[in-house]
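Chain IDs A, B, C and D follow the sequence of writing; residue 1 opens each chain.
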Amino acid sequence: MTAAIEVRAVEKRFGNVGIIHDLNLSVAQGERHAIIGPNGAGKSTTFNLISGHIEPTSGEVRLNGQVISGLRPFEINRRGLSRSFQVTNVFARMTVWENVRCAVLWATGHRYAFWKNVDHLPEVRERTARILEDIHLTHRRDVPAGLLTYAEQRELEIGITIASGATVVMLDEPTAGMSHAETERAVSLIRRLTEGRTLVIVEHDMSVVFGLADRISVLVYGHIIASGTPEEIRRDPKVKEAYLGEEAH
Amino acid sequence: MMRKLTLAIAVIAPMLGHVAWAEDAIKIGYIDPLSGGGASVGEGGLKTFQYLADEINAKGGILGHKVEIVPFDNKTNPQETLVQAQKAIDGGVRYVTQGNGSSVGLALEDFVTKHNTRNPGKEVLYFNYAAVDPAMTNEKCSFWHFRWDASSDIKMEALTNYMKGIASIKKVYLINQDYSFGQSVRSDARKMLTAKRPDIQIVGDELHPLLKVTDFSPYIAKIKASGADSVVTGNWGQDIALLLKAAADAGLKVNWYTYYAGGAGGPTAIKQTGLDHQVFQITEGFANSGNQVAMDYEKAFRAKVNMSLWYPRAVNEMRMFKAAAEKANSIDPVKVAGALEDLKFEVLDGGTGFMRKDDHQFFQPIYISSFGKLAANEPFDEENTGWGWHLVSKIDTPQAMVSTTCKMTRP
Amino acid sequence: MTAATTSASNAAKPAGENLRFYGVWLTGVIMLIVLPLVFSSGGSLTSFSLIGIAIVFALSYNILLGQTGLLSFGHAVHYGLGGFAACHMMNAVVSHGWPIPLPFIPLVGGLGGLVFAMIIGWVMTKRAGTVFAMISLGIGELVASSSLILRSVFGGEAGITTDRTALPRMFGWTFGPQLQVYYLIAFWLVISTVAMYALTRTPLGRISNAVRDNPERVQFIGYDPHVVRYFAYCFAGFFAGIAGGLAAISFEIANSAYLGAIQSGLVLFATFIGGTAYFFGPILGAILVTYLQLGLTDVTSVWQLYFGIIFIGIVMFSPGGIAGLLMMHRPLVRAGSLWSVIPSYLVAIVPTVALACGVILTIETIARYPDGERNPVNLFGVAFNPGSPATWIAAAVLVIGGFFVARLTWMRIADAWDRAATVARDRGHLI
Amino acid sequence: MVAGATRPRIFHECTVLELIVISTLNGVLFGMLLFLLSSGLTVIFSMMGVLNFAHASFYMLGAFFGFQLTKWIGFWPALVVAPLLVGAIGMAVERYGLRNTHKHGHVAELLLTFGLAFAIEEIVSMIWGRSPLDYRVPALLDFPAFTVFSTNYPAYKIFMLAVSVAIFVALLIVLKRTRVGLIVQAALTHPHMVAHLGHNVGRVFMVVFGVGSALAGLAGVIAGPALVTQSDMAASLGPILFVVIVFGGLGSLPGAFIASLVIGLVQTFAVALNGSLASAFGPLDPSAGPSALADIWNVTIAQVAPIVPYLLLVIILIVRPMGLMGTRES
């Protein structure tokens, strides 16, 4: 079976500064894969490279066997990859309902249609309602997204990301800045919503990582030093060195 | 604001004049820019017409009707002009007068013609005192339009009749604004100069965008390189002022034959550049024309309105209107129009002119004057520069005639 | 727009709301029909026609500014090209004897605007923000200047004239009288407004809003913001072209002034003053600005200054425009707490009006100073002589005194507003 | 209009050289005037991210203040006082206008200055009227500095050139080499950090806006006598300034400098050239009658000279949206 995401020998340089070196990563279908690493290791850059936000200097990225490096973000999205953002990135002046509905439109095939009334599309309406239900924001459906609380905005962010029904979902620090209770709620939400999909997640909270992930990759200075099950990672001497060595300084 | 002024006059005038007015006043809609870039010119015209209306009213009006000038601000915009014209007609105006901008003039002529066809019995006449596009009395002529200013081809006819007698003119450079008026000046100059003085070389023929050039130095460099001794230009507004300024800066020594060097700001620019009697202008009259009646009139006008009489043709226009109405014994526009046709008239600056029936163009003597230090018998300067216009040549009516292609539809 | 139509997104709309929705539209249509019967002079018909055209134009502009977040300084290009297309079509219909009656001509104008938008739009909409604004400025200048060079198409600065009565007739209407033209414009006004409103409720309309709010994120839900902007630009061009076509019919002339910076500036004024966030905002703006433009010029020669001041005031104090100001009150009305604000409004009126009078008096006094006594400033029937010191003192007192007193009353409003808003929040009508 | 008029070929070799030299000189002079005008706009944009639509209006204010003060206290004192006055007005605009609008984003700020441009034009014409003013070159500089091919170059134009270059150098030094420049640039990117370091960010922005406006005012005082001082001078020069700074790259001072020169030269040489498609490929068949093609065919480069900058603008924005020297897109 082809891997959901296959990153091969990807390199990214900004001018003379190399951020990512020889990055290799493989995420199997249906796997929950976490990327961890110290600050500034290039986790977000990796996300950006895979999702098409930036283009690799060399190397290639494959999604379900198809090369996607060099494609624009929306083209990658249409091939079944959806991502969230570390910094909340919603449509602030639009309501919660409309935020989610916008994310549903392309996947339901309505694209740039200007001859259909968006309110009269039953499958869009049902899907949007279901997602709102899933992210527990039904009671806030008519509130402009910019006025939600932080935790609600993070939930909406996840809602927008999964709304298209993408098979590969990438979440960038979904629980950052949340309280303990909020985090627990978010984790169970993520667990439920990514059932049957491939998940790639960047996370700082190790309890989240080790509780959620099937496999973990450790990124240090733009290079993956280890990849394996949580158990393997826990035992890996390179990881210990990277983390303890890092903390020893 | 001017309307209130008119109202004030309307209230005061009867008390002074002891005139028993007929019931309805003759309202003349003055449609020209009163705000925006063209406002200074528009305000000047308005003051002139109000002065003329006062003068007529002081002598008992027209057939016992008081004349009232109603100002409308068209912002030099054709579309706005039509809105204002409609407003004027709504307010009981049957005569409109306009002058600034041929594009506005053409739009207004077209509007009036259509209005009169669609509203028989409510005809409106358009008296044009300054829009000089020849088209208005040729291919686009209308029975309802009368023009008192000489069209640009008439002026060129007169100018070239003068230029053909000046032996020192050998190389002529044409520089004009790139729009219909500039184009017609340019093509008329070419045609007429070639016909009248085949030996004159046209060493340059330049068109530049209208009111967009901030620095004319490159154009002056070209004129200089061409070796021209005379420049002919129809430029107006900042385009003439900046052109002359750049010429003076570069030390270009040529004679300038212009249409509108005397417009607002022009005299100031010439004085600044020090081009003493090197700038010529072609007009239907000017302050120091030497005609005593006209000069007395100028003096009275300046004393009261505090500006020079830019539009001697406006005087002719209003006086001829009165004459025509009296001849027709009616203030009905259709009858007045009939009476105006072929009407002969002694113009303000002396000499006879007439309103040609074929195209409703007024033909009159044309003057060429130069701007510079004043002689003893020339009392009037311009814009407080101490310099004024000096008579160079007078071209009589017969030498200032052109043919027309107008095929007029009469009611 | 968003808030105005949120309620419409409800699956099961309450019957009352449905009724109200259609009621508003119906009232509008009835008003359009009845208006000329009440005010029947040619001048007011011309004004109504102008306002109708301005509404279509401003709504088309709001597709860019309000819905998609594109600030254009050259929207009049499409308006003008629509006008020229309509004029040429009308002349062609007459000279070839085609059986196309006048009421279809605005569609030709729309196509004229659309075709140009389709050609130029793709490169223009690559970027949004300041870059788009600057390109639109450049394109506007370019087209306006070119229109004077391409004389055979644009007729130079005189433009192209046409005769609307020469076209084949429909229902025996000649379209000579302004009244018939008014109804033609009203007809197209309704059609265009309904169409543009419907556009806001399509998938494309919603995605345009998303692009306005966050073009980056839109890419990650499958949309190319460039394509979205391009579509929005084409629609804006199409409806601007319809407005231009209507103008061409009304004035029977199209010239380079249609295309120019002044026209582009006016539509920006109208749209922004009215308010870009609600669909009806530009309608209010177009009515107000056209009315001011027609009316102010009769009263004062410095009408541009008042425009500038009103515009600056709106930008600074009410970026949502008039529509935004009105809609602020909706939650209070629903919560029933508006009554507690009204008294402070009433109190504030007097000093605010005094301040406004002071400003007007100052401006007019300066503007009319050269004319002196002959041209008094007339405020509420009192004539002030611009030359007299009394006028200057009165102006100063009104401005300074008015300002200080008015400021106190404004603070009072702010307090009352806060209290009322708290009530509304408690009752769940305000977030 | 004379379709496809054949142009007499009167220029011989010597005059071609003359035309090139003179056009270059004229182009540089005009370009430096453009830079003088756009420098303030660039400074404001690079520091604050505000595209000041009213910049040309500040330039106009400078010219009118310069005219009035020259009448009262003479040209040289006016050269100092008028820009200070304009700078003060600029600071007031920043303090009481832009600062309150800032929270609504850059588009709102742009619109505020757009409205301001309207108001200033009207106020100026209210006070000084709409006719051109008699604002003259100071007697001290009213002589031809040198003569090239019998064309005079007035000393005043050389003075303008010198001032432009001096401002360019001074701005570069202040922004890149001094502590003030560092603080200002840091205030743009990290306003909160700079505030915590003890600098009043609001005042920094106010001063920057004031300096930018004062530069426009200075340009006005200097350009007023050379061009026409009139209430529509802002409207006629405004758009070209945007072309300069967008073309050069928004916020880049060297970019604005180069763009000014390029546009000055291109425009001047466009005027000097007589070419048209008709002269290059022969006239069109006249029997085809007037058409858009014939119009394009017969139009000369000189005729379109003033719209060439806009063409350049559109092209550069399509090809390189950040402009010549720009670093960011918008």
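Going forward, contacts are C-beta pairs under 8 Å (C-beta built on N, C-alpha and C of every residue); 3 or more make two chains touch, one makes a residue touch a chain.
Computed from a prediction, not measured in an experiment: that's the story for all the values here.
Average the CA atoms of each chain to get its centre, and name the chain whose centre is farthest from that of subunit B.
Centre of mass proxy via C-alpha means gives A as farthest from subunit B.
Of the chains shown, whose Cα mean is nearest the mean of all protein Cα atoms?
Central by C-alpha mean position: chain C.
Taking the mean of the C-alpha atoms as each chain's centre, how many Å separate subunit C from subunit D?
So the centroids are 31 Å from each other.
Measure off the straight-line distance from the CA centroid of subunit B to the CA centroid of subunit C, and report it in whole Å.
38
Rounded to a whole Å, what is the gap between the Cα centroids of subunit A and subunit D?
Their C-alpha centroids are separated by 48 Å.
Between subunit A and subunit B, what's the gap in Å when you average each chain's C-alpha atoms?
Here the centre of subunit B sits 75 Å away from the centre of subunit A.
Listing for subunit D: what residues touch at least two other chains?
Answer for subunit D, listing residues that touch two or more other chains: 1, 129, 303-304, 306-307.
Tell me, which residues of subunit B touch at least two other chains?
Residues 39, 178, 183, 209, 212 of subunit B each touch two or more of the other chains.
Would you please write down the residue numbers of subunit C that are in contact with two or more other chains?
145, 149, 151, 302, 304
Spell out all pairs of chains that touch, sorted by label.
The list of touching pairs comes to A-C, B-C, B-D, C-D.
Show which residues of subunit D lie in contact with subunit C when the two form their complex.
Those residues of subunit D that touch subunit C are 1, 51, 97, 100-101, 104, 106-108, 110-112, 114-123, 126-127, 129, 239, 242-243, 246, 250, 290-292, 294-296, 299, 303-304, 306-307, 310-311, 313-314, 317-318, 321, 329-330.
Inside the complex, what are the residues of subunit B that reach subunit C?
Touch residues, subunit B against subunit C: 1-5, 8, 34-36, 39, 73, 75, 77-79, 82-83, 86-87, 89-91, 102-103, 106-107, 110-111, 114, 118, 133, 135, 178-180, 183, 209-210, 212.
What does subunit C use to touch subunit D in their complex?
The touching residues are 71, 123, 126-131, 133-135, 137-139, 141-142, 145-146, 149-153, 261, 265, 268, 272, 302, 304-305, 307-309, 311-312, 315-316, 319, 363, 366-367, 370.
In the complex, go through subunit C and note every residue touching subunit A.
It comes out as residues 2-3, 6-9, 11, 198-199, 201-207, 209-210, 212-214, 216-224, 227-228, 231, 235, 277, 431.
Where on subunit A does subunit C make contact in their complex?
Within the complex, subunit A contacts subunit C at residues 51-52, 72-74, 77-78, 82-83, 85, 89-95, 97-98, 101-103, 105-107, 110-119, 121, 125, 142-144, 147, 160-161, 163-164.
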